[in-house]
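First chain A sits with chain B, and in the next complex the same chain sits with chain C.
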Partner chain A sequence: MSLLVGSFTMGLILSLLALGVLVSFRILAFRDLTVDGSIALGGAVAATLLVAGWNPWLATAAACLAGALAGTVTGVLATRFQINGLLAGILVMTALYSVNLRVMGKSNLPLMKEQTIITMAQRFAASDARWSFSRWEVPVQDVAIVAMISLLIGLVAVTMYAFFRTNLGLAMRASGDNEQMIRALGVEVGWMTTFGLALSNGLVALAGALLVQYQGFADVQMGIGMVVWGFASVIIGESLVGSRQIGLLLVGAVMGSILFRLLVAIALRWGLNPNDLKLVTALFVFAALVLPGAIAIVRKHFAQRSSPLAS
Partner chain B sequence: MWDTLKRLSLGLALIVFASAILLLSDAPRRTSLTREPDHGAGPVPLAKVMKVALMQMASQPIIEEGADGVIAGLKEAGFAVGTAIQLKRFNAEGDLATVNAMAQELTGGGFDLVITLTTSALQAVANANQQRRVPHVFGLVTDPTQSGVGVGSEPLDHPAHMVGVGTLQPVAESLRMARQMNPKLTRVGVAWNPAEVNSEICTKLAREACRELKLDLLEATVENTAAVHEAVASLIARDVDLLWIGGDVSVLAAFEVVAKAAQNARIPVCTCIPGNAKKGSLFDVGANYFEVGRGIGHLAGRVLSGDEIAKLPVERSTPPKLMVNTLALKGLRDAWAVSAQVLAQADSVIDEQGQHDKALPATKASIAPVRTTNTDSAPLSKVWQLRLLAYINSPDVEEAEQGLRDGLKNAGVMEGRDFELKVANAQGDMTSLHGMVESALADHADLLLTISTQALQSAVQRARNTPIVFTMVANPFAAGVATTETEHLASVTGAYGSNDVDAMMPIIKQVLPNARRVGALYAPTEVNSVYSHELLVKAAKGASYELVSLGINSPSEAPDVTQSLCGQQIDLICLPNSNLAGSSFPTIVQSARKAKVPVFGFLGSMVSQGAVVVLTRDYHDMGADSGQIAARVMRGEKPAAIPLHQSRKNRLLINMAATKAAGLTIPGELLKRADRVVE
Partner chain C sequence: MLDIQQIAKTFHAGTPNEVRALRGVDLKIEPGSFVILIGTNGSGKSTLLNAVAGSFLVDTGRLKLNGREITRWPEHRRAQFIGRVFQNPFTGTAPSMTIAENLALAAKRGRTRGLGWALSSSTKNDLRERIRAMGLGLEDRLDNAIGSLSGGQRQSLTLLMAGLLKPDLLLLDEHTAALDPKSADQVIRLTEEFIRRDRLTTLMVTHSMHQAAHLGDRLIMMVRGRVHHDFQGAEKRRLTPENLLARFEEVRRADQLDETAAEMLGRQYV
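What follows is the complex of A and B.
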């Protein structure tokens, strides 16, 4: 049971990454590879500040700001210097690698004794208390962590939903959907893109900050390959909800991320050959992408058969 | 609203479905979880099949080698996979998110023990295991203290549920060896990836070692394997004499590129990871990861058999492995040479004829004094299985081993006809020493022969009924195996002899008639050394010398402590035996030489390394005595009835070059007495 709770926690933390990718990839239609760097940046900044004795919330907020700054740089490179978006992201991601090493001063920073958001959540429960659901036991502390993270993710998602319904948010969505139209309306598309990338990478860095606190150490290589899982979660989520309505997209991305971690956990639990793990996860992503389409076909089939009766 | 819910339903259903699968897979586990507290804290009964998880971070040759070692070590400790334990392997393939999920799975309660290999795996499991207290054994970690999991620098300073082995690459040794092969070496180039913790630690060590050896270390950083070629090219352009690779995985992955570039520039490559000599490095000095793994396996075995983890020390051990490729010497720009001594030390040598593992048994035209030979002795009733266990490899140990063989031969027992002798050497690593004893016992050895105090103690601890004959032990009384020469442990006997400090005093008087103050370095943590030092204190008092003693705790302290000793107006250093003084002797003698202080020692190997005078026990002689005793045991005498034999024969060795460097002259009569004079 603790594996289940653990994968939920992991999925929720990484759903911030998915939400960040959602903003750049789906809303702005910008393929942003800064993500690999900014998740590690968030982790590095948060870990360094926590070791320096900062309040965990402040450290996490600072990590988020650092990520937003990285996104801003990508945005400026792409819009002011007219560098291809993919390349701008790669440039910043590469540079961040050195920045992260500088920030931490070394390549791996452990956080075993520091107070973190996670330890704050743990303090709500006694250290050895367990809850039992028909003999499936789970440490209460783990539940406290997952509750705290859910609350945080919920807050972020609701804020994002509200933001994308404001004028500014609508303008941002429009600059991704139809650049010429929104430019004609007098909106500065370049700044809008830059702002969106800042928001996106801020979210990604927040994921990094939480991840570091949850796993107990920051590592300069922790970002490698993350952007792929971000894309995967967004696309899985989108095909699950089958809609591009903003609220549904947000929830879909979170669901996609959780589902993905659950599938990895099942693969682990069933004890497959370790060498096959990556192949199997790729198959899971494939299945998750195809399944909704297949369901839609089946539905249509039934709808066609039942429609004559209805009329 | 309804539409929204409908659209979310598929995702929610899938999540619920996946969760249900996960919970059902966990179903067998929940019962065991609720029952567990009833067991109490007592040791786990051995009858049931234990579940052990082995988790590694990625698939790399050295990690795989370590994992194989763990499985072998577990088997030797009595926990064969498949019968005594059920082993489940996890491999995160380098993905950090997966590592965390695995850590959750491992610490969820289904396993009796978790073994992790590499630092990241250690950190992830340690973090997930903060409350649940699944016993955890870790390994293949360069420095457990720096990984921040709560392991301190003292061996017993670790959380009560985790213990393991730290393995530092022998960085300084590799550079020192390179210096030995080419004394003119000045510029060393290293390409490394700052993202790798291990590589970072290695590079830091290399910087220190280079400062000590007065080498210039030129660094080029790489971010991944693709960048290696350029980094190496830039180093070569900066005119390095040698390319050195520490534990860097990225650079090692592109080793062929490095070797090719070095070949074109006609400079050699050396590494700290064994195995690259096959691909063209001149030599590799590194940890033997299989042996490291075995040590981890043994440790895990002790945890499984119920030993309290809090009382097990976190060991730091680097069982060395040396590979030399003499083919790489061809066409080099500078004068590189591999000495016979290095070849003799090497675990494997590659030359025109291919690869030779476990070097040529050095052509020993041994100095065997012929003893009472009675070759007409009758064959024994059975073929005895003898196991020779040595702690460390040094010329003295080799002499003792040769002595043992000669002693057995001279007592009329023949190898092949009367006994089979297998030799194992722990190469200075405690953990493998234990393993060697265990495997000798598992192999049904009839008699154990041990060289050095550590080997004896380790054998005594584990072998309850097998007879043991020891040699090269300074003080069996301090080692706890005897109270007098006739009263000793029933199954243990042998020959001993410590450094003859009393005989040394007159020699000092002859060489340095005006000397007043004698300096001494000893290792307070070694039983042997403390004992030898006490003898020295007495002898110095008798010869009315003033003795200034300093303790030394680790090889890295050696230069500083020696310098501060030399700063106390001493006329000479007299070095009582200790393993530490033996292994860090080159640095001690270097610091002493700078202060123009001559060094007198008691270990044969020290004379060629720069000691002025060495008065060593004749270990060949001592070995031969033990060989005779062993033969008596094989002929049916009870070890308990054989008194310990004190070996008194000395050998005087003099180094003329060191004598001149210290501005001394050796009186003619002393020179005449010398058994060996090194020019």
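What follows is the complex of A and C.
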């Protein structure tokens, strides 16, 4: 049961990653690979500041800003210097690896007795308190963590929903949907893309900051494969809500992230070798990208065969 | 109003694909006039329109709008004065956004976009009335994605969007060419209505001799990147589609003559 709660919490934290990826991939239609670097950057900045004795909320906010800065750099490379978007992301992601090492001073930074957002949540309950549901027992502290993070993510999602309904947010969505149209309506798409990437990577870094506080250490390698992870969550989310409406997309990304994490936990429980996890994730995304088209073809094929005219 | 001075544009300069699309165009457009732009394929009529809109910057020459020098202005900056409808009905609207959202985007054309609600209930009511006035029956579908509409409906909405904030200049780039005849008629009817009602200064490119003869109060015929003839006043009013076709035929003959003459001279002197 605690494995399940743990996976759920992880999924919840990584839903911020999914929301970030949703902004770049879906809303801006920008394939942004900065994510792998910016999630680790968020973790590195948060961990370093926490060790330095910063207030956890301030440290988390600073991590978020650092991610936004990384996104801005990618945006500037792509729009001002006209570098291909994929390449711009790869450049920044690569550079961030060194930046993260510089920030932390070493490749792994544990959080020992530092106060974090997680420890603050835990203090709402006694350490030995248990809630039991029929056969299951859950430490109340774990529930407090889930509640705290849910609250935070709810806040982020509602803010995003509101933002995407303002004049500025509408212009950002239109930049990804029809560039020529929005330019003819007076919006500079390059600036809008840069701003969107800052927002996206800020969210990703926020995920990194929370992840580090939850797992109790920052690692320079923690970002590897995260962009694919985020993409998988977004795809699952879309199929769950079956809509391109902005509110449902946001809810979908959160649900997708949690569901994906739970699926992974179950697969690991059934004996999936953790080393194969990234391979399986990549295969999963591949299948999710290709299957809808393949299913349509198969359906058409069978529809033709079963129709009386064809026989 | 719009003052085009000796503008020229060459695409892919210095390569085998070099195209001299505009070769020194001079044109002055008075406020409130409705100018039709026609020409053969590759005559530079759409290029001229795009040069005014700012899709690219011209190589030489100057552009002035309302006394402002806009020659080096990027496209998005010119948008504060210019409303546009494109040839492709899909170019003018954001498909995955709703009708209301698209209109809300147009309601802020060229203005600062802040954190105010894009669709407050009063804005939405205003927009609904504007759509109702068009008589397309779309006023009850404000929350549908625009991608679910037909090309004709989308083009009508693009037209509404271009004129939502009264533009100093309306640019129409063969905006009915991709539509079926019925939708095209409807879009033309709306176009005339909007232009007359708001006295919009308009520059319209068209392929249709019928539209060219019957719409507008001035007609510019372009050939090979230059203004070939400028029909104004009574001369424009007397034009028929047949006259225009005859004019095009003349141009075509003159072109052929030019080429054979050049060839002959080449043989003699080279």
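Rule of thumb we're sticking to: the second predicted complex is superposed on the first by the 270 of 311 C-alpha atoms of A that agree within 3 Å, B and C clash if a C-alpha of one lies under 4 Å from a C-alpha of the other, contacts with A are read in each partner's own complex, and residues count from 1 in each chain.
The working rule: contacts are C-beta pairs under 8 Å (C-beta built on N, C-alpha and C of every residue); 3 or more make two chains touch, one makes a residue touch a chain.
This structure is a prediction, so every number in the text was calculated from the model and none was measured.
*Asks:* If you stack the two complexes on chain A, which partner ends up touching A:Ser7: first (chain B), second (chain C), both, or neither?
*Replies:* first
*Asks:* Counting touched residues of chain A, say whether chain B or chain C comes out ahead.
*Replies:* The partner making contact with more of chain A's residues is B.
*Asks:* So, does A:Gly186 touch the first partner chain B, the second partner chain C, both, or neither?
*Replies:* Touch partner of A:Gly186: chain C, not chain B.
*Asks:* Return first, second, both or neither, reflecting whether A:Arg165 touches chain B, chain C, both chains, or no partner chain.
*Replies:* Second partner only, chain C.
*Asks:* Between chain B and chain C, whom does A:Arg261 touch in the aligned arrangement: first, second, both, or neither?
*Replies:* A:Arg261: touches chain B, not chain C.
*Asks:* Answer with first, second, both or neither: which of chain B and chain C does A:Trp270 touch in the superposed model?
*Replies:* first
*Asks:* Across the two complexes, find the residues of chain A that touch chain B and also touch chain C.
*Replies:* Touching chain B in the first complex and chain C in the second, no residue of chain A appears in both lists.
*Asks:* Can you tell me which positions in chain A touch chain C when the two form their complex?
*Replies:* 163, 165-171, 173-174, 177-178, 180-189, 244
*Asks:* Can you name the residues of chain B that touch chain A in the complex?
*Replies:* Against chain A, chain B makes touches at 4, 7-8, 10-12, 14-15, 18-19, 21-23, 25-26, 30-31, 33-34, 59, 88-93, 95-102, 104-105, 107-109, 119-120, 123-124, 126-128, 131-132, 147-150, 194-197, 200, 223.
*Asks:* Which residues of chain C touch chain A in the complex?
*Replies:* 53, 74-77, 79-80, 82, 84, 86, 90-97, 101-102, 104-106, 108-111, 113-119, 145, 161
*Asks:* So in the complex, which bits of chain A are touching chain B?
*Replies:* Listed in rising order, the residues are 1-4, 6-7, 10, 14, 94, 97, 101, 106-113, 127-128, 132, 135-137, 139, 141, 214-217, 219-222, 225-226, 229, 237, 240-243, 247-248, 251-252, 255-256, 258-259, 261-266, 268-271, 274-275, 277-278, 288, 291-292, 295.
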